[in-house]
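Structures given as C-alpha cells follow.
Next come two complexes built around chain A: one with chain B, the other with chain C.
The block that comes next holds the complex of A and B.
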C-alpha cells in the first residue's frame, strides 16, 4: 500500500515539476506547482512528518501560491516565448545540463555508502513529527534559528512594502518630509476653501496674515458666499492641524 | 519504501528546477523553478530526518520554508516594481547590472 501511494505521489510531484517548467502560460505554471506541492505533502506524510506536511499545504500551496496568482494576474500573465536566438540550443543545453546534474546527484547519493539508505529508516517511535515534538524542538534546541526566522520575515515584509510602493523606488522620500514648520499651520488649513483649491497649503503658509485681511475683497466665482466662509474659517482655524495634507 | 527512492525523486525535482531556472526568461517562472529546487531540498531533508529518527531535519525544512516565503515576498515585490516602471518583464532584457 505504501508503495502504491509513494509511486502515485512521486509521479504527481514529477509531473507537476515538469509542468511548471514546460508550460508557456505562467498561470498554468503556478497551477502545476500547486499540484507538485500537494503531491510533495503526500510524500512528507509517508515519511511520517505530519506537521511539515500540513504546513506545506497551508502555507505553501495556500498562501504563497495565492500571492503568486495575484502577481501573475496583475502583471498580466503574458506567455513568454524563449525568444529569438538560441531557442532550440538553449532548450537542448538546459535538458543536457539537468540530466548531467541528476546523474551527478544520483552518484553522490548512492555512492555515499550510508548503510541506512536501503532501509526504511529508524524504527518509528510514537510522537515523531507531531506538532508537539516540533514545537518543543523549536523552543528549546532551535530557539535562535526560530527568532532569526521571525526577524527575517519582518525584514522581508518591510522590504516588499518599500519595493512595491506606488512610486516604485526610493527616490521621492524627500517630497513628503514633515518639518517643524508643519506644526504652524496657516489659518485656512482643513477648511472648505482649501478643498476647493482657492488657497493651498504651500502658498498660504508665508502670507497667511496678509491675504486673510484682504480676503473678502477678492474676485472669485463664488464671491457671493465669501463672507460666510471667512467666518467659518475663523471658527475652524484653531483645530485646523488635523486637516488633510494635499498630496 | 527505502529512503533512497525519496532521495532519487528529490534529485530529479532539483534537476528539473535547475533546468527551468536556466531556460525560462519570465522572472515569475524563474521564481517558481527556484521554489521547485527548494522543495527538492526539503524532501531530502525530511527523508534524512526519517532515516535518523531525529526531528532536526524537519526543523531545517520549516526554516527553509520561511526563507522561501521571504524570497517570494521580495522577488514578487521586485517584479511589481519592474512592472510599475514599465520595464520589460524579461530577465534577458534587464542587463543594466551587467559589468
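The block that comes next holds the complex of A and C.
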C-alpha cells in the first residue's frame, strides 16, 4: 500500500514539476507548482517526516503560493506573455544540460552501495519526525539556530517591504486619479489618498509653497483647477524630482 | 520503495528544476525553477534521514532551515522583481543589461 501511494505521489510531484516549467499560462504554472508541493509533502509523510510535511503544506502550498499568485498577477498584467520564453537554442541547450546532469546523478546513484540499506531502511523509533519530537528539539537542542532563523525571517520581511515599497518609480498619468472632488477641495485635508501618496506631494508643494506661501487654507474652485494642472505636470515628469523629503 | 527510488525521484526533480532555471527568461519563472531544485534537495535529505540515519532527528531541522531559506528567497526575490517591474515595466531578465559594460 505504501509503495502504491509513494509511486502515485512521486508521479504527481514529477508531473507538477514538468507542468511548472512547460505550461504557457503562468497561473496554471503556479497551480502546477502547488500540485508539486502537495505531492512532495505526501512523499515527506511517507518518509516519516510528519512535521516537515505539515510545514510544507502550511508554509508553501498555503502562504508562499499566495505570494506567487499576487506577483504573477502583477507582473503578468502586461502585453508580454509570461510563459516559457527564450529562444529555441536556449531551450534545447537547457534540456541537454539538465539531461546530462540527471545522467551523471543516475550514474552516481547506481555506483554507490545504497542497495545495502534494503527496502526497509534502518529501524527507527515510533516517534520519529513527529511534531512533538521536533518541537522538543527546537526548544532545547536547537534553540539558538531556531531563534536565528526567526530573526532571519524578520530581516527578510523588513527587507522585502523596503525593496518593494513604492517610491516614485512609476510615473504614469493613469496612476494619478483625479476626481471632480479634487478640484474643489484644498490639498492638505489629510485624506487617505494623500497619506499613501496617490496624490503626489509635488501637488501639495506647488500649491502650498508657491501659490499660497505657507499652509494652505480653503482654495476656490478656479485655483484648485490651476493647481491640479501643475501637480499633474510635476507628477508625470520622469524621476529625479522625488527627493528624499518625498518619501 | 527504497532509498534508490527516492533519490532517483529527487534527481529527476532537480533536473526539471535546472531546465526551468536555464530555459526561462522571466524572473518569476526562474524563481519557480529554483524552488523545484530546493524541493528536490529537501526530498534527498528527508530520504537519507529516514533510510540511513533515523536516529539523527536533527536532520529534520536541516530541512526546516532550508524551507525557511526558500521562503526568504521567494520574499526578497519577489520584492526585487516587483521593484524592477515598477521601474522598468519588464520582468524579463534579458532586458536588464545595465551592467553589461
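The rule is simple: the second predicted complex is superposed on the first by the 148 of 247 C-alpha atoms of A that agree within 3 Å, B and C clash if a C-alpha of one lies under 4 Å from a C-alpha of the other, contacts with A are read in each partner's own complex, and residues count from 1 in each chain.
Here is the rule we go by: a contact is a pair of C-beta atoms (placed from the backbone, for glycine too) under 8 Å apart; a residue touches a chain by one contact, two chains touch by 3 or more.
It should be emphasised that the depicted structure is a prediction, and the values quoted were computed from it without experimental measurement.
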Based on the superposed arrangement around chain A, label chain B with chain C as either clash or fit. clash
Would you check which partner chain A:115 touches, where first means chain B only, second means chain C only, and both and neither mean what they say? second
Residue by residue on chain A, keep only those touching chain B in one complex and chain C in the other, then list them. 2-3, 6, 10, 13-14, 17-18, 20-21, 26, 29-30, 33, 36-37, 40, 43-44, 46-49, 51-52, 55-56, 59-60, 63-64, 67-68, 71-72, 74-75, 78, 80, 82, 90-91, 93-95, 97-99, 101-102, 105-106, 109, 114, 117-119, 121-125, 128-129, 133-134, 137-138, 141-142, 145, 149, 152-153, 156-157, 159-164, 166, 169
Quick check: in the complex, which residue numbers of chain C touch chain A? 1-9, 11-20, 22-29, 32-33, 35-36, 39, 42-43, 46-47, 49-55, 57-58, 60-61, 63-65, 67-68, 70-72, 74-76, 78-83, 85-87, 89-92
Within their complex, chain A touches chain B through residues 2-3, 6, 10, 13-14, 17-18, 20-21, 26, 29-30, 33, 36-37, 40, 43-44, 46-49, 51-52, 55-56, 59-60, 63-64, 67-68, 71-72, 74-75, 77-78, 80, 82-83, 90-91, 93-95, 97-99, 101-102, 105-106, 109-110, 114, 116-125, 128-129, 133-134, 137-138, 141-142, 145, 149, 152-153, 155-157, 159-164, 166, 168-169
Contacting residues of chain B [partner chain A, same complex]: 1-9, 11-20, 22-26, 28-29, 31-33, 35-36, 39, 42-43, 46-47, 49-56, 58-59, 61-63, 65-74, 76-81, 83-85, 89-90, 92
Inside the complex, what are the residues of chain A that reach chain C? 2-3, 6-7, 10, 13-14, 17-18, 20-21, 26, 29-30, 33, 36-37, 40, 43-44, 46-49, 51-52, 55-56, 59-60, 63-64, 67-68, 71-72, 74-76, 78, 80, 82, 84-86, 90-91, 93-95, 97-99, 101-102, 105-106, 109, 114-115, 117-119, 121-125, 128-129, 133-134, 137-138, 141-142, 145, 149, 152-153, 156-157, 159-164, 166, 169-170
